[in-house]
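When the chains are written out, they are named A, B, C and D in that same order, and each has its own residue count from 1.
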Amino acid sequence: MLTELRGLNEECGVFGVWNHPRAAQITYYALHSLQHRGQEGAGIVVTDGETLRIRKGQGLVTDVFSAECMEKLQGSHAIGHVRYSIGGVNGFENVQPLLFRSQNGDLAIAHNGSLTNAYDLRVVLEEEGSIFQTAADAEILAHLAKRRGTGDSFADRMMTALRQLEGSYAFVILTEDALYVALDPYGLKPLALGSLGEGYVVASETCAFDLIGAKYLRDVKPGEFITIDARGVRGQIFSEPRRQALCSMEYIYFSRPDSNLWGMNVHTARKKLGKALAREYPIDADVVTGVPDSSLSAAIGYAEVTGIPYELGLIKSRYIGRTFIEPSQSLREQGVKLKLSAVRGVVEGKRVVMVDDSCVRGTTSRRITSLLREAGATEVHVLIASPTIQHPCYYGMDTLSTDELVAAHHDVEEMRVLIGADSLGFLSVEKMAEVFDCGLCLACFTGEYPTGEVEASVRCLQASGS
Amino acid sequence: MLTELRGLNEECGVFGVWNHPRAAQITYYALHSLQHRGQEGAGIVVTDGETLRIRKGQGLVTDVFSAECMEKLQGSHAIGHVRYSIGGVNGFENVQPLLFRSQNGDLAIAHNGSLTNAYDLRVVLEEEGSIFQTAADAEILAHLAKRRGTGDSFADRMMTALRQLEGSYAFVILTEDALYVALDPYGLKPLALGSLGEGYVVASETCAFDLIGAKYLRDVKPGEFITIDARGVRGQIFSEPRRQALCSMEYIYFSRPDSNLWGMNVHTARKKLGKALAREYPIDADVVTGVPDSSLSAAIGYAEVTGIPYELGLIKSRYIGRTFIEPSQSLREQGVKLKLSAVRGVVEGKRVVMVDDSCVRGTTSRRITSLLREAGATEVHVLIASPTIQHPCYYGMDTLSTDELVAAHHDVEEMRVLIGADSLGFLSVEKMAEVFDCGLCLACFTGEYPTGEVEASVRCLQASGS
Amino acid sequence: MLTELRGLNEECGVFGVWNHPRAAQITYYALHSLQHRGQEGAGIVVTDGETLRIRKGQGLVTDVFSAECMEKLQGSHAIGHVRYSIGGVNGFENVQPLLFRSQNGDLAIAHNGSLTNAYDLRVVLEEEGSIFQTAADAEILAHLAKRRGTGDSFADRMMTALRQLEGSYAFVILTEDALYVALDPYGLKPLALGSLGEGYVVASETCAFDLIGAKYLRDVKPGEFITIDARGVRGQIFSEPRRQALCSMEYIYFSRPDSNLWGMNVHTARKKLGKALAREYPIDADVVTGVPDSSLSAAIGYAEVTGIPYELGLIKSRYIGRTFIEPSQSLREQGVKLKLSAVRGVVEGKRVVMVDDSCVRGTTSRRITSLLREAGATEVHVLIASPTIQHPCYYGMDTLSTDELVAAHHDVEEMRVLIGADSLGFLSVEKMAEVFDCGLCLACFTGEYPTGEVEASVRCLQASGS
Amino acid sequence: MLTELRGLNEECGVFGVWNHPRAAQITYYALHSLQHRGQEGAGIVVTDGETLRIRKGQGLVTDVFSAECMEKLQGSHAIGHVRYSIGGVNGFENVQPLLFRSQNGDLAIAHNGSLTNAYDLRVVLEEEGSIFQTAADAEILAHLAKRRGTGDSFADRMMTALRQLEGSYAFVILTEDALYVALDPYGLKPLALGSLGEGYVVASETCAFDLIGAKYLRDVKPGEFITIDARGVRGQIFSEPRRQALCSMEYIYFSRPDSNLWGMNVHTARKKLGKALAREYPIDADVVTGVPDSSLSAAIGYAEVTGIPYELGLIKSRYIGRTFIEPSQSLREQGVKLKLSAVRGVVEGKRVVMVDDSCVRGTTSRRITSLLREAGATEVHVLIASPTIQHPCYYGMDTLSTDELVAAHHDVEEMRVLIGADSLGFLSVEKMAEVFDCGLCLACFTGEYPTGEVEASVRCLQASGS
């Protein structure tokens, strides 16, 4: 679906590579394949074993890194980050990885997730003398490890610090002599381990492995801390096991269709959601269409089960970019449509099933329904391949307040009227859960937060999620 | 399919608008929707009835036009052009529209097509004293109209000139007081007429109408010359009628799926090609996949007829742009894949039918077959939703010489071996022709050129096609 | 003096090089040294003896040419141009050199000057069938040579064409096998010939020779046509000799101080003007200051003769560029000063002589006088190192209409009051003429136009000057 | 003199404004006037009393700040910084101001200077749990104030922290409710206080005041801490008074000629240095010339005393920028000269006195001497308007090690031979000191460091100077 149209903002992406002669270049390509997880900023830290070099900036990977600057990022080990953020003039300071310099060696951290006790930790750390230069949660980990970490080794001090964190996190951490990886005890965020030649890689999604020619080894376990260094790869569980709770929106919307999460391909999962939807809401219609790009798989699945032809009823422009000149209000009213258009030749005179992956505010569904009707559709049936979102997320989605969630205040029939559809259906939580093998976080659908009751303080620092 | 991978380069696109208060803006959006027809250069000429103003440049529409420069393009009538070209340092001079200034009024011309007698006409015109500043065919029309045009009116002189042209052309022509449109007698190029508010529009493809909220009226007829001015719209046939011969590659590959050509939706036509392919080459396989983006419709059609599930087995990157840093040779060999990747989670252990829209050199098919096998496909069956291309095009495709056309030198079995597929099939010319309602140019498949034998001289100026 | 503040816009600059392995690079550096003659556009045409390649664009030399594009401009012979123009959306088409392609060989022309019979020539040529694509005078020469040129050789046909031109011109012309140079019969424009290694160079100013390490040979003579090719250099006089009339503003304002014109260094000439001014207007003052940069030499000369200390009383910012954010009106009123500032530490409490090179509208002098007073100067004496400008220029200065020339409507005392100076003096025409050795055009001071009465038609095409 | 040619790199510049409706815009213009003190990076922090907003980046002021981003920097109080730095991929993190966020309020710091005990302070602070994210000395002050600051008020805690610093510093510090200014006890760096409307400003140089229309009030005193807030301006001396020791290179080279330092105009001071030089080294010559731009004043002074004409014998290019294409080695050898050229028309056949402001490595003087000889000078006498630099600077100049200082290893006659001059003279320390009114740091000439013996540790962190 269109980023511009929706309330669910994308996640961040992290990547790390250990022992590859062109580590920064590998990171560049990997970040490129993770670009859908964050288009606001990107950064790479590389080390040659002597020092850490950083390059980061606001914008797309291709904007931030020039060929010239890549040449300066020499070294065999690197980490990288792509970021979704609120942007604005304050944006730069929060671009990751964060780099901390010290006389004993440098340290770089990149983070995907959101700590629910970030505010409390900051207050205490500041009282203890810490100074914060960013709003990123990664900075909290650095201060905790410096001040509260215990144990002889760097890894031990890090794990002590990690145990003080609550919420979701996938960390990649680089020093001059090791790459470290940590996942929260619920496994809320995706994180996979692979091998590349003589070295190792870690990434938020496996699509990065395919791009760089790496071999998938396994997913990082909830509560696991992995050390990768000259001696190889060693994993430790730093936290008692909890029920696995991978963010279900990763399957539904965030991840790329060519990624696998815990062994299940995302496209395949979405297609299964579409099939389940077809069984729950069979409609008598002429064509099935999906909202490009993230809803196409579900639409295909729906068509396969119902036998209704799957068609390209909606087209997304490929050339919209930041330099595009927006139409003026008068042109907009006159009907100038950008980014998404309905295909008259496909939908005119047809009863259309429009499958979307999710529904947050309802505004997108309303707009697309209207586009389809203007293009001549006689009926528009909106089917959502996930349940109604009624609760905010505290784990990293740029979550709406409850006020903005249409399903928190309206029943399905009311939403149908708002959207202007002939019918409206949501996949039930039960049917959705049957599709997946691994434990999922369903908090936004059910209100059951896997980490327990979330402190009110989380709201104060929502913007710090990354 | 990927532009970078193929031998068929895209066409140009033309657009014109008469009588809209923001004519240049409307043209900007229209060109944006025609961007797939040419990414190398773009231009707009606008008139307020007093003078003609031009802005053009190399690159995408969004690169060439800034908000600032759009403000300067005031006027109610405009034409625009997007261009595919060979690029290089000589590129700029050939970006269209061309603008000719004279004491009697200015004249701007934009052209899609390729004149087969361009070389001969240039030689004669130069002998008569003409000076050429570009390699564009549009300049030939301007000189012909100036020197050889006869009749009292501008339209008459233009039509005299047009009758001297051979080959394919869709022209949009702007003066201070009228917009003119001309299509070659065979209708080799697509060109549609629409209305927008109180005014009129003309475009290479109807997708431009949808974007700007215009209403489709009809396709421009082969051999028709249309005058649009303060008195309205008047069409004249300037050339005796011939058998209609719309370029079949417009349906197969060039046009956007949401465009209609002569009343048939392009996506629908491609899906029908896929269905015809399914009937001609039913394969026992596990999944069907298409090469994004132009082959998806055919793949869906194939899946629908055979009942084999349609899957996203290949993913095209959305973020590749001109600033992307290409991997070095060593990284390439190591497996760094960009632009297109096979989805392991979908194809691993599966027998795959890979549907592509066309096959020119065979290199793309070979590369994709290889990608699919590396991702674990046990069988790869390559099916092409069009016939074998054995003959060069003289009408505007950036045509390969016969030497490069793999089907000109190999039979299907030899091609199968080259591509490395388990089986290879091409839709037959007969089955393809059954799909369409209108007369088509099939020259690249059959060698039968609708304009008759093409002079050898055409080869000298191949680069001038636009 | 500041371009932004004045009415005298800069001239164009031309350059040519024959027989240097890196001809385009040499041209790039030469154009860079001629950048002060035109900042609106730049172009280079290069030939390897086979074809002509062009690169041009709007903006500074450093904007137009990237390292990448320079690599493509291979060849041993080149010409280049920097242009002052009115800009706007129509700007690009007039950037030079112009390139004309023909079956018999290509032709590129760059021009500095302004034809006074351009309008008439265009009308006649259009009647004969010519089509014009630019407003540049160079295009007229191309059409004339094509249609009206007579004689067996290219040089002969060019000279026939040149004889039909009236006004000022310095042309450099490139074909695959020769470089040609032509200067108008009055020598209104500067043009110098030099040698570089085994080859030859020609430039509007000798500062280009110093930069590229070329050796000055001589100035091109009025009415001379020079052919440079594999056989060497051959000059011919194509027009009967007239009284030499080099534009006096070249010495006064346009040319770089390190250039020599007809053997006299420009800085030295300006210093002499300042000395003459000192003899004509000795003032009892504390400090002498000049308006940076073009008036510094005259100020130094004035100080040397009078014995009054020369000081840096005015400073010009070095970092103002196109991306500079202009202060808002309120900030401007509050005193935010950019580009030029008076040095309080130098002028406070002092009687100041402010020397400027010329005075067109008077607005600059008024503004600077005000700046000096605000910075504490007790008296401000404005001395202009050239006579009053009372007549428009038809030979290439972006001339003001008589209405705008302050000296056309006011006597010196009135101007003094307008400027707000304690005294105001202009160097007399007689004293100025004594400074120079060569014949000068004094038309803007005296109204005596060397080419005789200028046709009214010239005004119609003023914008075409280059 | 040319930055590119010399060993003395420029200083940083700081600015602050309190109580102006467009504080960020005022800071933008002020930084622009301080641009000569640092071209590698720039930053502005602004506050509206609620929060601090930051924008910074690498490059010139005009590169870092767009009109769009300036709009976002709303507020009445601001500080800014321009930075010279070593650049490279690590550069960004050190761009100032630094911004520290805390629950109790935010804090921004900008610094000009270099702490000689930076290394020791960092080691201790890290042991105490501090984490450093930059190499900037400003970060040390923030940590010291957080951890070691004592007293009830912010100002008291800051002053406690400042007393622990050694070396040179001019700090501007911004919080939501006050602007603070601090100067080291020796006054090594320049810093001036002014008023602007109802508010106050502080700047490294007074030229910033002239640009923005502010009124100079006084220089900040050595060891002074100034608080500017809603209650007005209050200065306190936080450190016992020492002998004033303003960096003498500020007068000689760094500062703009239109700035005043401790009441003396910089141009005037330089002219006096030139006059003193004339008395110490009268030469029998034909012309005097200075190296643009910083040596022109001294050359004028030299000419005034000796009566030898002052001429523009050397010209600096105005259009060289970062996009300029450097000539290849072969072109360089052939004589392509950029940036600086000798004016043949002025120096040919002449005995030339070339005045430069300082001599570090000697390479620049050698190169310019060579340029002048190539342009025909018969004699070249090199006179330096400052003493020989024999000792490194620890206070903020990007100091050379003693190895690179030509005067540390050669007597004047040896240097003359190296430079290739006919004679060479340096102004004596005694004569130089007579020119100035205020106490100066002469350490680089005499080796007498005002802060006493500088610890070896300073060398470890030389790069951290700002």
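Keep in mind that, in the parts below, a contact is a pair of C-beta atoms (placed from the backbone, for glycine too) under 8 Å apart; a residue touches a chain by one contact, two chains touch by 3 or more.
This one's a predicted model, so the numbers in the text were calculated from it and none came from an experiment.
Seen from the C-alpha centroid of chain D, the farthest chain centroid is that of B. Comparing chain pairs B-C and A-B by the number of C-beta pairs in contact, the larger count belongs to A-B. A separation of 37 Å divides the Cα centre of chain A from that of chain B.
Per-chain Cα centroids separate chain B from chain C by 47 Å.
Among the residues of chain C, none is in touch with two or more other chains.
Chains touching one another form the pairs A-B, A-D, B-C, C-D.
Taken together, the chain B residues at the contact with chain A in this complex read 22, 25-26, 28-29, 32-33, 35-36, 60-63, 65-67, 70, 197, 207, 210-213, 256-260, 264-268, 271, 293, 296-297, 300, 304, 309-312, 315, 317-319, 321, 323-325, 327-328, 330-331, 334-338, 341-346, 375.
Partner chain D is touched in their complex by these residues of chain A: 53-57, 69, 72-73, 88-90, 92-93, 98-104, 122-123, 126, 128-135, 142-143, 146-147.
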